[in-house]
Structures are given as C-alpha cells and as structure tokens.
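In the two assemblies presented below, chain A is common to both, partnered first by chain B and then by chain C.
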Partner chain A sequence: MADNDNILEIRDLKIVYKTQEGVVEALNGASLSLKRGQTLGLVGETGAGKTTLARGIMGLIPKPPGQVVGGEIFFNGTDLLKASEHDMRKVRGAQISMIFQDPMTSLNPVMTVGEQIEEVLRAHGRSVKEAVEGAHEMLEMVGIPKERAEEYPHQFSGGMKQRIIIAIALACNPEFLIADEPTTALDVTIQYQVLVMMQKLKEQFNTSMLMITHDLGIVAQNCDYVAIMYAGQVVEYGALREIFKDPRHPYTLGLFGSIPSLSEDTDRLTPIEGMPPDPTRLPTGCPFHPRCQYATEACAQWKSEAYPVGGEHTVRCLRFQPAEKREEA
Partner chain B sequence: MIMKKQERIQKAREDVLNKPYEAADVKQRSLFQETWMRFRRSKTAMFGLCFLLFLVLVSITTVVIDVVTDQEIYNNYVIEQDPASRLQLPSGEHLLGMDELGRDILMRLLWGARYSLFMSLLSIVVALLVGGALGAIAGYFGGKTDNIIMRIMDVLLSMPPMLLALTVVAALGTATINVVVAVGVSFVPSFARVLRASVLQVKEQEYIEAAKAVGSSHFRIITQFVIPNSLAPIIVQGTLGVANAILTIASLSFVGLGVQSPLPEWGLMLSNARNYMREAWHITVVPGIAIMLTILSLNLMGDGLRDAMDPKLKN
Partner chain C sequence: MWRYILKRLLMIIPVLVGVTFVVYMILSVAHGDPVQTILGDKATEEAQEQLRAELGLDRPLIVQYGNYIWDALHGDFGTSYKNQVDVMDQVLDRFPNTLLIAAGAILLSLVLGIPVGIISAKKQYSFIDNASMVGALFGVSMPAFWMGLLLVIVFSLKLRLLPSSGMNSESLGLLLKSMILPVIALSTYSLAMIARMTRSSMLEVIRQDYISTARSKGITEGQVTVRHMLRNALIPIITAVGLQFGTLVGGSIMTETVFSWPGIGRLIVESIKSRDIPMVMGSVIFLCVIFSMVNLLVDLLYAFVDPQIKSQYKGK
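Then we have the complex of A and B:
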C-alpha cells in the first residue's frame, strides 16, 4: 500500500496515444510522489508528458486515442485508475482540481464568471444560495470585487481571468491542486502576482500542489520538490535543494547549462545537443542516450530504473547504478 | 542576508496583495447587447426585423379583434362572400381589390398573417428542439451514438423536404397541427447537422475540459457549456428555416394538403387565385408579394444575424 504521508503517489504510469502514425508513448513508466501540503515542480520540455501526467491524474485522458496501459496512481491511498467514472466525478473539483494553462480559453465565454464558480459548488452538492455566497467569497479572496460576478470573461484581463480560474479551482477547498503551466500565458508582472496569490492561498487552505512548468525560476521560488521529465519518464526527482545544488542526471545538467547565470560571465550558453526523440520511436534503453555526452554502449541496453543517490534524491541514469547491482548484471 | 531576502519577499508579497483593485474601464456589455449593437448597424436587417414585427403586431391585433368581437368582423369581412363584387380591381373602398368570391383581399391578408407566421414559427421551434437535442447528443458523445443518430438523419435528408411533408400530411390528415408536425419533421435533419457540427468544434475547447475537471455532469456540460456556445449558427439557420417553412406551408396549401378553405392562408389564397390570373392580376400578385416580402425579411434578418454573431466581423 501507499505511504500515508504521501497525498499522491504515482508508480510506473504508462499512457499511450494510438494514432494512425503509430503508438505515441506519452508516458513511459513515470513515477513520483508528493507529501501532504508540499509543492512539487514538474519540469520538462514540450512533449515530455507533463500535461498527459496531469490529465492522467484527473482521469481526463481523451479516449480514444489515449489509453492508460499500466501503473498506479494512489491518491490518499486509493488507486484512481481503478475508480469508476461516477466516483472520479466526485473527486474532480472537490478533492483534486486543476488550473489550466491558458486563461483566455479556459472560461466559458457565454456564462458570467460568478456562475462559473457556482458551477463547481453546485456540481458538488451545494444549494444555489450557498453556491452564490461561495462564489462571491472566492472572488473576494482572489482580489476581484464580488460586484463583478455578473460580468462575462471577455470583460476581464488575462491576469484577472487566471485569478478567476484559481477561484474556480479552489472553490471546493480541494486537498490537491494541479497547476498546468499556470503563468505561461501571462506577462512577468502578472505572473508574479498570480504566483504570490497561489502561494498564499495554498498556505491558507493547506493544499498540496503539482506545479507543471518549464520555467526553472518559478520552480526555485515556489516548489519544495522537483521532478524532471524527459520522454515520458521522471529522470530525476528530489527535494528542491538536492536538485538545484546537486543535479546528477545529464539531462538536468543540460537544462541548467542552458540558463543564463547572473553570477558567471559566459558569452554563449551550452544547449543540449540534438532534438527530443520522436515519441512514436523512442530509443532503446535510456531515452536520453543519443543526446548524452556520457553515453556508453550499455546505455542502449539498460533497463530503465531509478537509483537513489542520497536523501530523497533519485536518478534514472546508468552512471548512478549502485556497485552491487552492477556486479549482478 | 538570508533573513533580509525573506523579509524582502514577504514585503513584496504584501504589497502585491494589498494593492487596491482598480476597475478596468471597460463598458459592460453582455454578448446579447453586443450582437444587437452590430445587428442594428445593418439597414437591410433592420428592415427585415421591422417588417416581421409589423406582421406579428397585425397577427396579434387580429386575434384580439376576433376574441373581443366574437369573430364578427372575421365572419362579415373575411369569409363572407359577395358575388356582386368578385374580382374587383383595387379601389378607394377596397384598397387591394376583391378576390374570386368577392372577399376583401386586404382583410384576408391581415387575417391570414397569423397562419404563415405562427405555423412556421411553431414548426421551426419543434424542429429546433428535436433536431437540436439530437445534434447536440450526437456531437457530444460521438462514436456509436453519433453514428446511429446521424444515419437516421441521413435517411430523412435523402427525401426532399416537400415530399417528406406531403407524406406526413397524407398519413396524418390535413389538420393544422399535422401540417406543423410535417414541416417540423422535414427540418429536423438539417438542424441536427448544423448543431452537431458546431458542437464538435466547441467540444474541443479548453473550457469544456475545465468543466469536466471540476466534476460537472454530462447533462450540465451539454446544457450550460456546449449548447450556449454552439447556438450562433443554428439561430441563423433557424431564421432562414422560418422562411423555408412559410414557403413549405404555402406550398402544402397550394396543392391542397395544408390549411383548408375558407381560412385566409396566403398560400391557399394564391392557389385559389391561379384560375383567375388572366382576368384579374391582383388576386395572385397581392398574396404572392406578401409571401415574398415575409421571406425576404426573414432572409435579410438571418443574414444580419449571421454577420452580427460572427466574431471575426467584430467592430
């Protein structure tokens, strides 16, 4: 059974999309865990499977073409993949909710924002009166006067729409919040406001959070744990400090190498060579080995698994295989 | 040093959160108001709307007169025949002349407005409800449901609407309500198709996924999220459909399967008049023009609505 401290534990999750061009292995044995009240930052390139992971947790993988082919998602000790659609509907919004990437398209254009917040409350059994009051309360909480509940989404700016989406996500006081690139569509000053507000509300409601982003700066500011994703796998996982002070996986090293540093004076950044692999034809063994400067022949035969490297830090890389295992093989 | 940084962050946070909210200076307009504003700009669409409002007014007034006078005026002027003045040309006394049985054409037109208008509206409403629901369900659920519903619609579509309406009336009899049902049924497939197409588009929008993510039921997602966002094309289609329905009802009357004599239905007037075309031009031209003007108005209004609702033409 799952560890009781962990609100979320994902083991070896495999999700594929069956398209005409072939089977896209979007998630290829992803594992991670999150402790109650903590924030986990999920970092990776476009197409690494971050959003698929979020959708998998919500049970919103579009079927077809999507299909969960293996693994387990424990939420509060129960496997969400075994829950019925009826039960999942009760979980969504009430216990797990999601903040979407693009505030411009995530709100229903023909419904007032007040009604959209009420929608969550109504969906989870509140009376109309309670829902209206709750919606007003949530609006005030995200810094929008309740008088504006009667207005439509197109009358709000992008930052305010994102606040409304946050209000919707938090309306039922969920235990767990998934934020899928919540600030990607916003400019930096609004990003800051939204992040500060999310942090404050998260502390106020004692919510655990999965923050999906490709901005390492946001991760450093807001997260307690970090998971680095590459080609559908979590290649490195650990506490914030462990990852930022002591990155181990060659891909993580590459990511940090491609960010400009304030303290060092470099003329050119060092990007990661090559392109992310075609998800319909992943390389054998370690999916990163064709781009990895440390790659050996063994990497192509290696059966991908995570190795602990001290503390909670784990790395999926053959270089960190413990000595005793190496002898077995 | 670290404490200082923490304090600084804390202060910045408070600044952001305590910053007074500034109301954006946006004019508050609902989607309906915006559509109306753009609709108003089109002169032709406004002409259509005005003419239709006039017809509605005429219909309501004549119905009220009938109720108040216990159909006295209806009996004396609309269906009472006067062989002496048959086929009289328009004159000061009878502005649009008399028909083949010596009835005032203007009176018959005014009293007949209600049939064309309300029968067509009713049949379109029936078609919208049935076709809309079927289209929405087919589009939203997709797969087998979609296939079953849309293949049935295809079967209906493969018959000419007029023939379909004729069949229904022939089977059910020529009561007014049967005509409404017949015309309604013949419009169901086209509405189902239009709504399905726009539902397919709306279904992929992120706010539908967001609605699923908060745990809304399928019923609420369809009625609160999908349908309101798919309405624009079907409203336009519906307006144009009313024009077609008027024509179909008039045609049914013309071939004798619609509204029966002596009711002053426009299509029926046209049908009865056709034997006297050579002797008296006005008894065919007048109801013909009335039908034409109504359909023209509906089409102009439909076009105006389509333009007003098209977000690409905003501003």
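Then we have the complex of A and C:
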C-alpha cells in the first residue's frame, strides 16, 4: 500500500501514444511521490513527458492514440488507474484540479468567465445560487472584480485569464493542484504576480501542488521537492535543497551547467551536447547515455532503476548503483 | 446594432437594382415574343401592335426597364401577361408552399446533419465516420432532380407508399405525406453539406485547450460536447445553414418542377416558358429580398453565438 503521508504516489507509470510513425513512449516507468501540503517541481525539457504525466494523473490521456500500459497512481491511497470514468469525474475538479499552460486558449471563448467558474461548482453538487456566489467569491479572491463575471475571455488580458483559470481550478477547494507550466506564456512581471498569488492561495487552502516547469528559478522559489524528468523517466528526485546543493545525475548537472553565470564573464552558453532522443526509438539502457560524458558500455545494457543516495534523494544512474548490487551483477 | 441593421438593409437596394436589370435584359432579348404568347399565332398584325403599345413593349428597352422599376417602387409589380392576375398576389400565394418544403428541408438537414457531423468528428476515422462521410459525398454530388426522380421510382412507382407529385392540402396528414419526397429530395444536398461542415468544424474545436480545461472540471462527456465543443463549432455551421436556406428557397426550382409542387420555383419556370415578364420579375425580386434578409439574419445570429462579434457590433 501507499505511504499515508503521501497524497500522491506514482509507481512505474508507462504511457504510450500509438501513432503512424510508431509507438511513442511518452512515459516509461516514471515514479514519484508528494507529501500532503507540499509542492513538487517537475522539471524537464519539452517532450520529456511532463504534461503526459499530469494528464495521466487526471485520467485525461486522449485515447486513442494514448494508452496507459502499466504502473500505479495512488491518490490518497487509492489507485486512480483502477477507478471508473464515473468515479474519475468526481475526482476531477473537486479533488484534483489542473491549470493549463496557455491561458490565451484555455478558456472557452463563447462562455462568460462567470459561467465557466460556475460550471465546475455545479458539476460537484452546488446549487445554481451557490455556484454563482462561489464564482463571484473566487473572482474576488484572484483579484478580479465580481462585476466582470458577465464578461467573456477576450475582454481580459493574459495574466487575468490565467488568474481566472486558477479560480476555476481552486473553486471546489481541491486537495491537489497540478499546474502545467502556469506562467510560461506570461510576461516576467505577470509571472511573478501569478506565482505569488498561487503560493498565497496554496497556503490558504492547504493544497498540495505539482508544478510543471522548465524554469529552475521558479522551482527554487516555489517548490519543496524536485523531480527531474528525461525521456519519460524521473531521473533524479529529492528535496529542493538536495537537488540544488548536490545534483547527482549527469543530466541534472547538465541542466544546472547550462544556466549562464551572472558573476563570471562567459561568452558562450554551455548546453548539454546532443539532442533529446526520438521517443519512438529510445536508446537501450539508460536513455541519456548517448549524450552522457560519464557513459560506459554498461550503460547501454543497464536495466534502469532508481538508487537512493541519502535522505529522500534518489538517482537513476548506473554510477550510483550500490556496491552490493554491483557484485550481484 | 440598429445602425448596422439599417446599413445592411440599405445595401439590399443596389443588389436589387443589379439583379432586376440583368433579369429584365435577359428576358427581353431572349427568343420569343410575349405578345404572340398572349394572343396566339392567329392574331392580326394590328391587334399585336395595339397590345404591344398597350404593354409599352414598343419603347426602348431601357425605358421599359425604367418604367417597370418606377411602378415597382410604387408597389405596383404589374399584372401577369398570361392570366391578368396581380403579380404580387400570385407570388405571395405561392411563396408559403415553397417555404413549407424549404423549412422542412432545412429542419431535416439540421436534425440529421448536425448529429451525424458530431458523431463523425468524435469517432474520427472509425467505420461510422467513413460511412457517413462517403454518404455525405454522394449527397453533395447528387443533383436534386436526379434524387427526386429516384425517390419517385422507389417510393411511388415500386413501393406505392407516397404520392409522386402535387401538393395535397385536404388534410394535414395528406399534406405531410405529399411533402415527404420533395423535402427529402430538396434536403439531400444541404443535409450532406451541414454534416460535413459540422464534422470539420467540430474537429477544429475538439483539440482546443479549453476542451481539456472543460474535461478537467469533472463534467460529463455529453456536457463537454454540447456546451464546449458544439457551441464553438456552431459559428461556421450557422453560415452554412444560412446560405443553404437561401439556396433552398431559390433552388427549389428543380425540386418543385420534378414534383409539380405549386411553389414559387415552379411559378418562375412556368412564367419563363410563357414569357410572362412581370411574373418572373416579381418572383425574382421577392426571392432576392428573402435571400438578403436571411443572410442579414444569419449575420445577426452570429452575435448571439460569438461574443467577440457581439462586442464588434456595439456602437456601430
């Protein structure tokens, strides 16, 4: 069974998309966990499977072409993958909510914003009157005058739209919030406002949060835990301090290494060499080994697994295989 | 909003001038003489000349056209050359019959076309999608008169279920029965058209981000489909329906002829045959106004569906 402290625990999740070009292995054995009331930052480059993971939790993998082929997603101790569509509908919006990436396209253009907030409240058992009041309350909470509930999305700016989306997500006071790159599409000043507001609301409602991003700065400011994703796997996981002070996985090192330094005079960026792998033809063994400066021949045969390296910190890299295991092999 | 409506109504005037001019000229230079049609072959030269002068047909074309427009502007659309009845009376008498089958056809197209389009889009590339889109391709490609003839052969001649022609208004039941075949024949094209339109416009909407937002709220798939997908997909569908309705009223000529349906389309055909210029002109003007009004109505309907267009109208 799952650990009771954990609101979310994902074990070995495998999700594929069957396309004409072949089977895209979007997630192959992703595992992570999140304690109640905490924020987990999920970091990785485009195509690493971050959004697929989020949609997997929500039960919103588009089928076809998507298919969950293995693993478990424990939410409050129950496996969401075994839940019926009917039960999942009760979870979505009420217990788990999701904020999507692009506020410009995430609101229905032909419904007033009030109606869109009311809809989630109505779906989870509130009366019409309660829903209208609730929608007004939520708008005020995200700093939009309630009189504007009658307006349509095109009458709001990008930052305001994102705040409306946050209002929709938090309307039913969910225990767990997934934010899929909530600020990527916004200006930096608006990013800051939105992040501060999310932090405030999260504390107010005691919500646990999964924050998907590729911005390590946002992670440092907002998260308690960090999971680094690469090619559909969580390659490194740990508390914020563990990851930022003591990154172990070569990919994580590469990510930190690619941030230009403010104090030194550098002319060139230091990227991770090579390209992310084609998800229809992942390399054998460790998916990162073709780009890894520490790679050995054994990496291509290695059966990917996570090794603890002290505290809650785990790393999926052959270099951290404990000595006793190495002898077994 | 009102200014916009007024502007659009005024824009009907140049359209009418253009249409009437072209139709008048074509009718006047076309082969055949109305005077001979009225009096028959055996009439004397003198009688013919006298009638021609009476009708004003001896004057230059442009003067004839000017006179016609002048009278029309005073509400006088003339009397039929053929049977001396008032043109507008006759047109207004026939129009409800056309409206009856046109409305029936548009209703059938909507009731069947939109659901077929939705199901096709939601089950894209499935058997049901492929089957209905091949069917729709047939529907779009098949001329209405051909469809009408096939229907008559199957349902009237072979199965003897439905009347092959005419409008039977003795009772509501008989009227509906006589409407069935013309309505089906008339609706084939627009039904197929609307189904295809609905499918493609649903497919555009189906992958939008706000559909994911809607699903993440925990509402049912039916609510997602109707409230979020269809309401957004409806905008291009309304255009198609509006244009179809105009085309159905005007395009009923073929269907009405095949089924001897006493509507305005058949009136035009009969009047052209007998060179009944005032009757043709009256009918054409009437259809033209109806067509323009329907288009205006469709444009106004947008505002109710698309709030972005509604806010554009404000202050205009």
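Just so it is clear, the second predicted complex is superposed on the first by the 326 of 329 C-alpha atoms of A that agree within 3 Å, B and C clash if a C-alpha of one lies under 4 Å from a C-alpha of the other, contacts with A are read in each partner's own complex, and residues count from 1 in each chain.
Following the convention adopted for this analysis, a residue touches a chain if its C-beta (ideal position, glycine included) is under 8 Å from a C-beta of that chain, and two chains touch if they have at least 3 such contacts.
Everything numeric in this text was worked out from a predicted model, so none of it was measured.
Partners chain B and chain C clash in the overlay (superposition on chain A). Considering which of chain B and chain C touches more of chain A, the answer is B. Of the two partner chains placed around the shared chain by superposition, chain B is the only one that A:I144 touches, whereas chain C remains out of contact. Contact with neither chain B nor chain C is seen for A:C292 once the two complexes are overlaid on the shared chain. When the shared chain is aligned, chain B and chain C each come close enough to touch A:R92.
In the superposition on chain A, A:I243 makes contact with neither chain B nor chain C.
Of the two partner chains placed around the shared chain by superposition, chain B is the only one that A:S157 touches, whereas chain C remains out of contact.
Of the two partner chains placed around the shared chain by superposition, chain B is the only one that A:M197 touches, whereas chain C remains out of contact. In the superposition on chain A, A:V110 makes contact with both chain B and chain C.
Note: residues 58, 60, 89-94, 97-98, 100-102, 105-111, 119-120, 123-124, 152, 155, 165, 168-169 of chain A belong to the chain B contact set and to the chain C contact set alike, using the contact criterion stated above. On chain B, the positions that touch chain A within their shared complex are 12-13, 16-17, 21, 23-24, 26, 28-31, 205-207, 209-217, 220, 224-225, 228-229.
The part of chain C that touches chain A in the complex is made up of residues 208-210, 212-220, 223, 227-228, 231-232, 305-308, 311. Put simply, chain A touches chain C in their complex at residues 55, 58, 60, 88-94, 97-98, 100-102, 105-112, 116, 119-120, 123-124, 152, 154-155, 165, 168-169.
Every residue of chain A that touches chain B in the complex is listed here, in rising order: 58, 60, 89-94, 97-98, 100-102, 105-111, 119-120, 122-124, 143-145, 151-152, 155-157, 160, 165, 168-169, 192-193, 196-197, 199-200.
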